[in-house]
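Here chain A shows up in two complexes: once beside chain B, once beside chain C.
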Partner chain A sequence: MMDAFRESSTILFNSHVQDWKTNGGSIVGYTCSYVPDEIFSAAGILPYRLRGIGAKEMNIGDAYFGPFICSLPKCLLQLAGEGKYDFLDGVIVTPGCDSMRRLDDCWRKAGEDRAETLPSFFFHYAVPHKTADYSLKWFIEETQRLKAAVEKHFNITITDEQIHEAIDIYNEGRLLLSCLDALRCATDVAISGADALAVVLASTTIPRKIFNSLLTELIAQIETGTEKITGRKRLMLVGSANDDVELVRLIEGDKAVVVADNLCFGARFYADLVEKDGEPVAALAKRYLFHNDCPRMFGDYKGRLKILKEKIERAAVDGVILQNIRFCDLHGSENGIFERDLEAAGIPCLRIEREYGPLVETGRIRMRIDAFLERLET
Partner chain B sequence: MITAGCDVGSLTSKAVIMKDNRIVAREVILSRIKPAESALTVMESALQQAGMTLKDINFCVGTGYGRDRITFVQEAVSEITCHARGARWLLPTVKTIIDIGGQDCKAMRIDNEGKIVKFITNDKCASGTGRFLEVMAKIIGVTLDDLGGLSARAKAPITVANACTVWVQADVIQHLNDGIAAEDIGAGINNAMASRMAVLANNIGLERDLCMTGGVAKNAGVVIALEKLLGMTIKRIKKVDPQLVGALGAALIAGDKCERRAAS
Partner chain C sequence: MRKELQEYPFDWMLWRTFVAAARMKAGSEKEYRQAVNQLPYFRGVLDAIYGIGEPGKLFIEMVAEYLEKIIHAKDRGQKTAITTFCFSPAIFYALDIVPITLELVTVAMSATYKRGTADFLDYCNEVGFTETSCSSQRGTLGAYLAGNGVTIDMVVADSPGVCDTNVNAFAFASAYLDKPFFQLNMPPDLTEARSTEYHRADYRALITFLEEQTGRKLDTGKLRCILEEVGRQDLLMAELEELQILVPNPLPVTFNLLIYAGRFLFAGMPQCTKLLESMLAIGRENAARNQSGLSSGKESLRGFFCYIDHYGQDLRLWQLLDRMEISYHGNILSKMWSRDAHYVKALDRQEEAYTIDTTDLDTLIDSIADLNSRMPMIKSIRGPYDAPHMWLSDTLALAKLHKADFIVYNGTPGCRNTWGMVKPFARDTEKNGFPTLILYSDAFDLRVESWETTASRIEEFLKVRRLRS
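After this line comes the complex of A and B, so read on.
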């Protein structure tokens, strides 16, 4: 059962994406969890969250970005430059952070140098940094602009009915993923953090109807299964985007299990539902702007800390790992404040700075994890 | 009860054998490429000193970057926990420990019971580690042991602004060619090392007493410069070579585990 999720979480052009393409479907990639999948799903397009996995070199990424910047957008551009994303019919870039915002410029420049690098549909989708009435109004207009651009480029019409239908499908997926979250909180957890991440990653590429049916089956298996993970320290993973199952596997080793997270390739991706009543584009804008607890949003640190504390209690977490990708200003700084406040509340924390891309420095990361687990034992 | 600790580091491998809470043998060798080989060689040498064989050891703990590859240990424990345990045994009042090893440096803070409450390790590059000093000593033309003594004789230490070991190497060569005295260059290197370590140590919130472990603790130039930067006296470890504290901690933890096992 897990094989389908593992395959989709580790291979960019996985079998589900291949099938979609073979059947003549269009695929649009996007960079950030603030992009509403439902717009594309309603248009009959497969929304696909871009990842930098499998980048082995950085010659293209470095050429456009320079060395002192987050390696995630560099890996994305590297893969695009190598043709690994040639199956995409379009790309949406957001200002999730400054590094991601720069991806828009760098990718366009790379497209000027080598036309085939840039998909024919390339759209900058702006997202406000505040959750106020006026920013929501603006974001609704921006989402309508996105919808109109998709309609124009792909020569289609996206009806409200189609968006409502997509909202239902994606809400069902969110409820299923939340159900998986609840199972991870159990005393005798039945799924490792690495496998749970594989499930979430699969949700970003597999057509959602198929994903929902696979996850329904997996949840049933977990609920009736007898194999449990016991006697391990229960950890929570927080911080920068992590789509590397191997990092979680390294953290877990044979002494720990990651039972909760607050990552954008994780719980933040599927938290909360889109309202079903009213104008659907406005409902989408509201959910995506208001219910995505990323440190890119101004003035809501206390809210984010509260969410962490609630999750820590619900999942009976022994310790929190606050990781960030090198040069990640948003998570790097917020992790420092989280550490201060969580430690003051008696919750042990470990901060790790790492490089995105092929898992390196495993010895040093392992040493810190071991020391942290030893701290939790005594 | 006979216990042992084996610390396989990136530059050196260390072994300590303890009998009834007393050190009966200790050894330091240069590490080889394969951690398992380093561990066997250093332990065999320590065993020979003690007139023992591996069968005589009741419990052995491995530590250091090669800890998971040591074949004869019963358990592997991180070097952070081992250095803290060893330092507290040597200096019971210690609360903050700074360890500078061959390829990394760490600072850790412990509570009244010796439990680690906070730690930090370098995660940028090799700058600020023992390897940095080793490279610089070689260029200046002094031994690693003599590098520390240069600070005391310096008149106008150079300023090392660069953080990169490779670029500092180029700067040092430039200074040598400009006729700057080795003492002033050496003192600048020691100060730079202390300055990098101070940033890390301040991060965890220093508490008295403070001590230093690892090979660099033997470099008086770095230790004195660090004391000035931190505004705190660094308690000297005199009972054993500071380089052995990780292995010593491992041997002590082996004793703890042995006792716990006997009690259960």
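After this line comes the complex of A and C, so read on.
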């Protein structure tokens, strides 16, 4: 059962994406959890969350980005430059953070140098950094602008009914993922953190209807299964974007299990439903702007700390891993205050700074995790 | 942090340093020389600033006064707000709040102290703030996080949508110190109607926040006076800017620093106006004599800095330029984009400029919201760098207007935004005929790259590009 999820979580052009493409479907990639999948799904387009996995060099990324930049957007550009994203019909870049925002500029410039690098549909989606009423108004207009651009480029009309239908499908997926989340929190965990991440990652590439049925099946298997993961320390993973199953596998080893997270390729991605009543674009804007946020929404530290504490309690977490990609100052700095406040509340924490991409730092991270687990033993 | 640094509040120490500096010229030249000899690590600053005559004296007094206001805010029953250089302090003065602009204080310490702000930079990291964050805020923030300065009442920033590492420092400070926080959030576009509407709605929310924090209502009369003063400053800056374009440039090399520092310290206040008037008198005099403002009186090259300057100890960047007979033609910091600005008129770019309308409270608030949304950095690096009204078009237009021979990018490794696209940016400026140097130094932390290395890279660039033999 897990094989379908594992394949989709580790291969960019996985079998589901290949099938979609073979059947003449369009695919639009995006960089951040603030982009509403439902708009694309309603348009019959496969929304696809971009990832930098598999980048083995950085010569293209480094040609456009400066040296003091997070390696995630560099990997994305590298893959685009190498043609690994040639299956995309469009790309949406958001100002998730400054490094990711500048992917817009660098990718366009790479397209000037090699035209086929740049998909024909390329859109900057301006997500506000706050949740005031005028910010929501802006974001509704921005989402309408996105919808209109998709309609124009792909020569289609997206009706309210289609968006409502997409909302239902995606809400169903969110509920299923939340159900999986609850199973991870249980005393006897039946799924590893690495496999749980694979499921979430798969949800960002597999057509959502298919994903929902696969996940329904997996949940049933877990609920009726007898195999449990016991005798391990229960960890929570927090911080920068992580789409690398191997990193979680490394953290878990044979002594720990990641039972909870608050990551954008994780709980933040599926938390909170879209309201079904009312004008659908406004409902989408509301959900995506107000959903479980990340430090790009400046000034909401207390809200995020509250969410962490609730999760830590619900999942009976023994310790928290606070990780950030180097040059990710937003998560890196917030992790510093999380560490102060969680430790003060008696919750052991470990801060790790890492590079995105192949696990070149395996030894260092493994050693620090082991030391942390020893601390939890005492 | 070294123990001795905790003996006295850092802001008090800095204030006393500038008070002493402001008195240095009270005696004879001989007394000044004798005193300067006792200050090996501050003499460069004093010589560079006092060397330009009255504006230098006014500027040092102004910095001392700015720091004095911080030190005595509580005695006067005033609230304090830590804020950023790209936020106009005019609204704080209108509401009788004392602004503490982190970057300005960092510059004052970087230029003045032998060790710069190293201890405070590092202290930030000790308490969890990332070492990769921008040094311009960290340099001062560390002292406040350590409780080594005056009490902070609130935190106000306006760089969300513009500069992550800037606003993140303020968000961190707010969370760490548990102080109220307000952010002005900038859309990626500058001139669309919905962006203007957003700027103005956001600014009204800011005023509500400041009124709540102070328990005071915004005084229309006071705001009007301050914005009228801003308007006068805009006209003075426009004339200075116009003089700067002349060949040779009649303004001394440090004038640009004084223009923007004056505006960041005291926008809408008479102190800044007086400084600008004093600079203008010298500029006019030099222009009338067709004389360069450089010490040698000879202008060999004209340099445009497209981002910020280098504030390492003793203001050595300006000393280097002066010695190499390179006239200085501004950077991103000195452009406020008033409709009265010379470059706005010369380039016919009124659409992206602000005007000050003092008709009533609504127009005053709209004006200050528009002004704030055009502040340096806030205007030009919010959207794609090559979009209309943004960094590339501003840089190319200004470099051409100033007849610059070359462009220099200098910032900090913490600037995620510009490092995200400075390579293609420089490629574009080169394509447009401007030799462009990207410096990898840190404008506020000499430990990243020594000044000697930075200076040799500038010299090497000029030599390799055959701009200077």
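In this section, the second predicted complex is superposed on the first by the 377 of 378 C-alpha atoms of A that agree within 3 Å, B and C clash if a C-alpha of one lies under 4 Å from a C-alpha of the other, contacts with A are read in each partner's own complex, and residues count from 1 in each chain.
What we mean here is this: a residue touches a chain if its C-beta (ideal position, glycine included) is under 8 Å from a C-beta of that chain, and two chains touch if they have at least 3 such contacts.
Quick caveat: nothing in here was measured; it's all calculated off a predicted structure.
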item: First, second, both or neither for A:Y301, with chain B first and chain C second; value: second
item: Touching partner for A:E141 - first (chain B), second (chain C), both, neither; value: second
item: Chain B versus chain C as contact partner of A:R375, first or second or both or neither; value: first
item: Which partner reaches more residues of chain A (counting touched residues only), chain B or chain C; value: C
item: Touched partner set for A:R364, first chain B, second chain C, both or neither; value: first
item: Touching both chain B and chain C, residues of chain A; value: none
item: Footprint of chain A on chain C - complex, ascending; value: 127-130, 132-133, 157, 160-161, 163-165, 167-168, 170-172, 174-176, 181-183, 185, 187-189, 194, 197-198, 201-202, 205, 384-386, 413-424, 427, 440
item: Chain C-facing residues of chain A, complex; value: 63-70, 73, 95, 97-99, 101-106, 108-109, 124, 126, 128-130, 132, 134-135, 138, 141, 295-296, 298-299, 301-302, 324, 326-327, 329-330, 332-337, 339-340, 351
item: Residues of chain B defined as touching chain A within the complex; value: 65, 76-81, 104, 115-119, 121, 123
item: In the complex, chain A residues that touch chain B; value: 343, 352-354, 361, 363-364, 367-368, 370-371, 374-375, 378
